[in-house]
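Structure in structure tokens, see below.
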Amino acid sequence: MKLLKKALRVRELPGILGLLLIYVGTGVVNPRFFSPSILNDILYGVAIVAILAIAQTFVIVMRHIDLSVGSVIGFTSFLIGDLSSQGFSLLAVLTVAVLVGATVGAINGFLVAYLGLPSLVVTLATLYIVRGIFNEVGAGKTVVESMVPKELNWLGLNQFFGVPYLFIIVVALMLIAGVTMHKSRAARDLYAIGSNPSAAQLVGIPVKRRILLAFVATGAVSGLAGAVMLARFSSASTQSGLGLELLVVAACVVGGVSIAGGSGSVFGAVIGAVLLQEILLAIGALGIPQFWQLAVNGALIIAAIGLDRYLSTRVKTSNIMGATS
Amino acid sequence: MNKKVANKASAVLFASVLALGLAGCSPAVEETPAAEVSSAPASLKIAIVPKAINIGYFTAWDEGAQKACVELKAICDYIGPNEITGAAQVEFINQVIQQQYDILVISAADQNAIVPSLQKAKDAGIIIVTSDADVAAESKDSRVVSILPSEENRIGTAQVDWMAEAIGSTGSVAIISPANAANQTAWINAMGPYLESQYPEMSWVGGSLEKAVFYANDPTESSEAFAAILAQYPDVAGIISPTTVGVLAAAVEKKAKKAAVKVTGLGLPSEMASYIEDGTVEKVGLWNPLDLGYVAVYAGVAAKNGTFDGAVGSSFMAGDKSYTVVEGNIAYLGDPYTFTKENIAEFKVIY
Amino acid sequence: MSKFSVRKYRFTWDKGVVVFLVAAVLIGSFGSEYFATASNLSFVIQSIAEIAIIATAMTYLIISGEIDLSVASIMALSSASIGYSFQAGVPFEAAILIGLLVGLLAGLLNGVLVTVFGLPSLAVTIATLALFRGLCWVLLENKPVNQLPTDWVALGNDNIPNTFLPWATIPLVLIAGISWFVLHNTKLGRWVFVIGVNPVASKFSGIPVKGVKLGLFAFTGLMSAVAGVIYTLRFASASPDGGAGYELSVIAAVLFGGVAIAGGVGTMWGVMAAVLSLGVIRSALQLVGFSANALLVVSGGLLLISVILPRVTEFMRSQSSKASIQSNKKEKVYK
Amino acid sequence: MAVTQEPVLEMRGAMKAFGGVQALNGADLKLFAGEIHALLGENGAGKSTLLKALAGVHKIDSGSIMLSGKPFLQGSTRAAQQQGVAVIYQEPSLFPDLTLAENVYVGRQLQKGKLVDWKQMQKEAAKLFAELGVDLDVDRIARGLSIADQQIVEIIKALSINARVIVMDEPTAALSSKEVNRLFSVARTLRDQNCAVVFVSHRLDEVFALCDKMTVMRDGTTVGSELISNISESEIIKMMVGREVSELFPKLPSTFGEVVLKVENLGSAGQFKDISFELRKGEILGFAGLVGSGRSEVVRAIFGVDTYDSGTVSVNGKLLPKGKASKAMSAGVALVPEDRRQEGLLMPNSIATNTSITVLKKLVKSLVVSKKGEDEVANKWAKILQLKYASLSDAVERLSGGNQQKIVLGKWLATDPQILIVDEPTRGIDVGTKSEVHRLLSQRAQEGLALIMVTSELPEVLGMADRILVMREGRQVAILSREEASSEKIITLATGSAELI
């Protein structure tokens, strides 16, 4: 019974259930969906949204949001290609990418933590500003395969026993972030802040510093994710990363990272990203006509949000007596 | 006390943002030197408006236009939105009207949405020439003439020929193309009957042209479309993509997945160079966007000087070549160039 | 100014927006001789009409503590329904009614998902953004409708005879006026503010919280549809990818107008002044020579100013009041 | 119990002002290890300011605080905890999404090297819980814990920093007698472990049952400190109020009119079952019973904030639709809710808005809500209830607990109800305002208002009610008339056992 209760309490259960449900369901209808190449397509296609979802978890757990990630990842994927074609080493360009991301994160973090501004507004503004600067810097230029560092091209093209290296990077980042979020004091404070901000202040948690830290982490990881995007598409232009931010938030929500803060894990965020990518391919495999795909995708995301909400409230009341007056 | 403070603070802050705006990113309008010796009549003001200003293809398109402007001693401003939508482009057509330009050379971001605003520009006496992407056929009188690469069917059928070469004229073919784009739709409609009539052993996946087209508007969607095609039709022989974004993404996916499917379509030589050199793609084709810009400016100036009215059958000079207007008030440049291992090195530096 | 706004410093920000408007007009007029022309002002009003109409409903929603990211998709869906039904032979006037009904139903769906199923509106409307946009593709596939009746299209593009006001000004002024009146003077308006401050206490005061929120989502759907009609006429076509990205511009305008994202605070004229000044600023800077990229940076900067400035003035005010003997009014700032 | 000579904590001449208001005006306090010390005083007497100074929330302007001979580092909650001083607030604020173990060690998790050591934390927490004889699963998340359990977690937190001074701010306000007993035994265990325990309460019966010593505060200063053994209840009240407290519960006799409210076997799954009673004009029906016996759920269902599964509610013979508070209001029913801050008031809004929110319908002239009308309503009821306030546009959150409760009462009396339900009307407000509220309610009853009063304070229900409905675990166990009712009878019915507190 204890194990069941523990399993029931796992925040990511709805996401995992959704994953299995769709995988089996689609496979039954179209057996080719079980083929390894489909699995490969899912893992290959999910890398970018998964990493951004990991980064976004740091801030959503604290009841905040970071919309600027779409511009950051686009800008850094362009910069990496552009700078490396001018002869900078891989290490140098990656550092620049992380620094650019971290700087945007620091600006967001400072305005939210020390000026107490709402994170939706601040990051919406930085989304526009970074995109504007990116367009100005990248005006008319396109990064092509020859400009991309060969290590990234290699990573983008190769697999390790059938598992794309890009996904392996995702798993590695997820493990590192997962362990940190579970084991480091600073990260545990993020959950406390998200769960009850005023109490966190009272208990002596340096709330402002933690918020700044989380936004810098989100920015830095999103900056680094630019390298993954460049490896994936081996090209970049001023259109890169447009509109990714809302997809990333949807992935987190579907993965059990609650918008109300305080709960959810990077593991759940990756599950959410994989679920969204799987839905996309399942729609294709189910032979749903092209023009219906976006509508079905939207409907399935609603169902996933509903499932997550239903399961999380049921989990709460099933094993804990509601607080009575 | 606080109201005064607020107003002072907001004025100071606004001025600083403005200064940042002015200093930080100098207006991207290429002003030709003001003190310009104009022996000819006051030089013409021409606006060059792309679908979006930050795209590589249109930078080349603008280069061609600027070359013509220098030759014709006209002042040409390259202005436009940063996202490819009709609504965004209309804002800049209005700027052209307000700043009383003489000629507007424009690549239509949406074949219908910009028509009313072009109408207003025409009423304001501005000569309008569409280039690279035209308005819908029904609204052809909202512009003097349209400069397009080659007849729809020539562009469409040429790509079917390139694919036939690559797959030995047998096997099924799919298409990756942006949705709701006038020129792509026209080319695809031309490909349909041509493939069925010219290449009996070739077929469209899913049995019909309708089923064979997979829609994608950006790199991400194009890669997903490539994956969807392989998932639904594992034995597909070839994929055609009549857009530089689509064919590049298809080449990337083919190389990454080491897929056997052949890829061809309309591609920028600079972007496709590495895929042609390493054999992932045998041949892609495209017209020279510089010519499109160049010829459009000449057409506009000719119309402004009254030597050309865009009527079917009339013709005008651009540089050393003459172009005649055919049915639909369109002037075609001619067949697209093709890029293969042999000539890619030469073209990839031009555009 | 309604005594109803809860935090005094928000009051100063409404003045702040008007200052920007004036500054923008000055910069435009001196920066370029093409700015202060009748035709340019007419165009500016035309270009902000759709965003302003949706912003009125979005102001209600955000003040009540909710949000709707699917407004641009609803606008496109109602436009697509108009195109689809007109193409199917329905008279244009009936097609417009169908478009408005579709918008209302879409808003109701959002409302039901949030109030009946209790889902968070931010997450749900990201999903319905995809759903409604998807339905546009289902209706029109990739064949836009462009043969619309010329007299209607003229209505969407011309001005009211011998004025520089486009016809769209009429629905805009009507809707803005009524929304302003209802929000700041009527019982429903009080309820919207109170629900935004504390939905539990509102429920205990007999206010039908769920019913009001459902109504606000439906109203937002309807206003998005009205914007959809104007959008369809202005661009003389209905296409599946119309109005992409409008939702963030609407939200940016509402926030720039001084509405607090956490709910409970905001004024309708602050938002209307914000929409107008954003339109004027864009036009002025464009004519002065700013590139589209620079405009993007400036609009991001202005959005930041809209939240930084009130904090700065409030900080200065609390410093000055600390010095004076007057009691220290501790303002509780919503995150 | 060994009372050592050296005081663990000594506060001398503490002064603290906020803007113009002098919250602490020369307060002295001596706490000894191994002693439970009661801190008494009306609301606004400065108790919470003193607590906050001890908790490190803010510094005192002048005067001294010595902790076992050394100056007490002030001004930071973390520093206070590190020096072994822990304050448990009335509504403890835990982290609903974190496990109990993590709640205990939040901000200072146990580490193995640089990494958080979860197993160690669970083991330590489980040990602390066992020591206090409380069996709670340390792995569950805190959301959903009862107030009593939440307090236990806060106490465990204090123990985990081996606090030597533990201050409890009105801990028993929301507890059932079973939970109060458990808390008392925990307090006694702490005292035996040589902690200095401070117990802030309004309930003198509890102070006498638990505490060894007490100090009374009034108007920001300490007016006297005494061993419990040699002081009487009335002397304490005199010190607290500083003036003769008029009759505490002025019940005015009233004649009963016709039945206005009829409830027939009302039931809601998991909350309450078969509730049936009638209420006449001018009658006060008391709802007695332990905390958690379902009384609030019943009145919320009657008023329509929550819906119910079976049974009917009718006002003047007309059936009320389920779950529609607005319909109940128009039928003349009003509910003063139990949780003042969350359910009763709009804290950031003005007095005018709060008072008039329930009667906006009446203030509308041609669609427009007249601001003048709102002010008139607020003014009228502020006078009737003798509200102490600066201006009508003041935010309600700046007022004292007693004044806030008056506004909630005003807000509902403004609807001129036929039936007024009050849920814990005088919880957490000072003795003076309490008697004013009682006088007002009994006057209204005398003028024909039908009243339901849900209260956990026995003296209040015995003093005010004409009839008393006693509930236990969601069941209606008895309706006692005023004459047959007594504390013992109610407690036996309410707890289902003869055990006395």
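Read from first to last, the chains carry the letters A, B, C and D; within each, the first residue is number 1.
In the analysis below, a contact is a pair of C-beta atoms (placed from the backbone, for glycine too) under 8 Å apart; a residue touches a chain by one contact, two chains touch by 3 or more.
Predicted model only: the values in this text are computed from it and were never measured.
J.: Keeping to the contact definition above, tell me which chains border both subunit A and subunit D.
T.: For subunit A paired with subunit D, the chains in contact with each are C, in label order.
J.: What is the chain whose Cα centre is as far as it gets from that of subunit D?
T.: So the chain farthest away from subunit D turns out to be B.
J.: C-D versus A-C: which has more C-beta pairs touching?
T.: Pair with the higher count of C-beta contacts: A-C.
J.: Quick one: subunit B and subunit D, Cα centre-to-centre, how many Å?
T.: Subunit B and subunit D have C-alpha centres separated by 72 Å.
J.: Between subunit A and subunit C, what is the separation of their C-alpha centroids in Å?
T.: 29
J.: If you average the Cα atoms of subunit C and of subunit D to get two centres, how far apart are those centres in Å?
T.: Measuring from centre to centre gives 44 Å for this pair.
J.: Could you work out how far the Cα centre of subunit B sits from that of subunit C, in whole Å?
T.: Chain centroid spacing, subunit B to subunit C, equals 33 Å.
J.: Identify all positions of subunit C at which a residue touches two or more other chains, and write them in rising order.
T.: In subunit C, residues 137, 142, 291-294, 296-298, 301, 308 touch at least two other chains, as defined above.
J.: Send over the residues of subunit B in touch with two or more other chains.
T.: Those would be 25, 28, 53-54, 82-83, 215.
J.: Where in subunit D do residues touch two or more other chains at once?
T.: Touching at least two other chains: none.
J.: Tell me, which pairs of chains are in touch?
T.: Chain pairs that touch: A-B, A-C, A-D, B-C, C-D.
J.: In the complex formed with subunit D, which residues of subunit C make contact?
T.: Per the stated touch rule, the residues are 3-4, 6-7, 181, 185-187, 189-191, 194, 197-198, 200-208, 264, 325-330, 332.
J.: Write out the stretch or stretches of subunit A touching subunit B in their complex.
T.: The touching residues are 32, 37-38, 40-41, 44-45, 131-133, 135-136, 138-142, 144-146, 156-157, 232-235, 237-240, 242, 280-281, 284-285, 287, 290.
J.: Give every residue of subunit D touching subunit C within the complex, in rising order.
T.: The contact residues of subunit D facing subunit C are 18-21, 305, 325-326, 328-329, 335, 337, 342-350, 352-353, 357-358, 360-361, 364, 367-369, 371, 390, 393, 395, 397-398, 411.
J.: Write out the stretch or stretches of subunit C touching subunit B in their complex.
T.: Those residues of subunit C that touch subunit B are 9, 12-13, 15-16, 19-20, 23, 27, 32, 34-35, 37, 39-40, 43, 47, 137, 142, 144, 146-147, 153, 156-157, 231, 234-237, 239-245, 282, 285-294, 296-298, 301-302, 305, 308-309, 312-313, 316-317, 320.
J.: For subunit A, which residues count as touching subunit D in their complex?
T.: By the definition above, subunit A touches subunit D via 6, 9, 182-185, 188-189, 191-192, 194-196, 198-205, 261-263, 316-317, 319-325.
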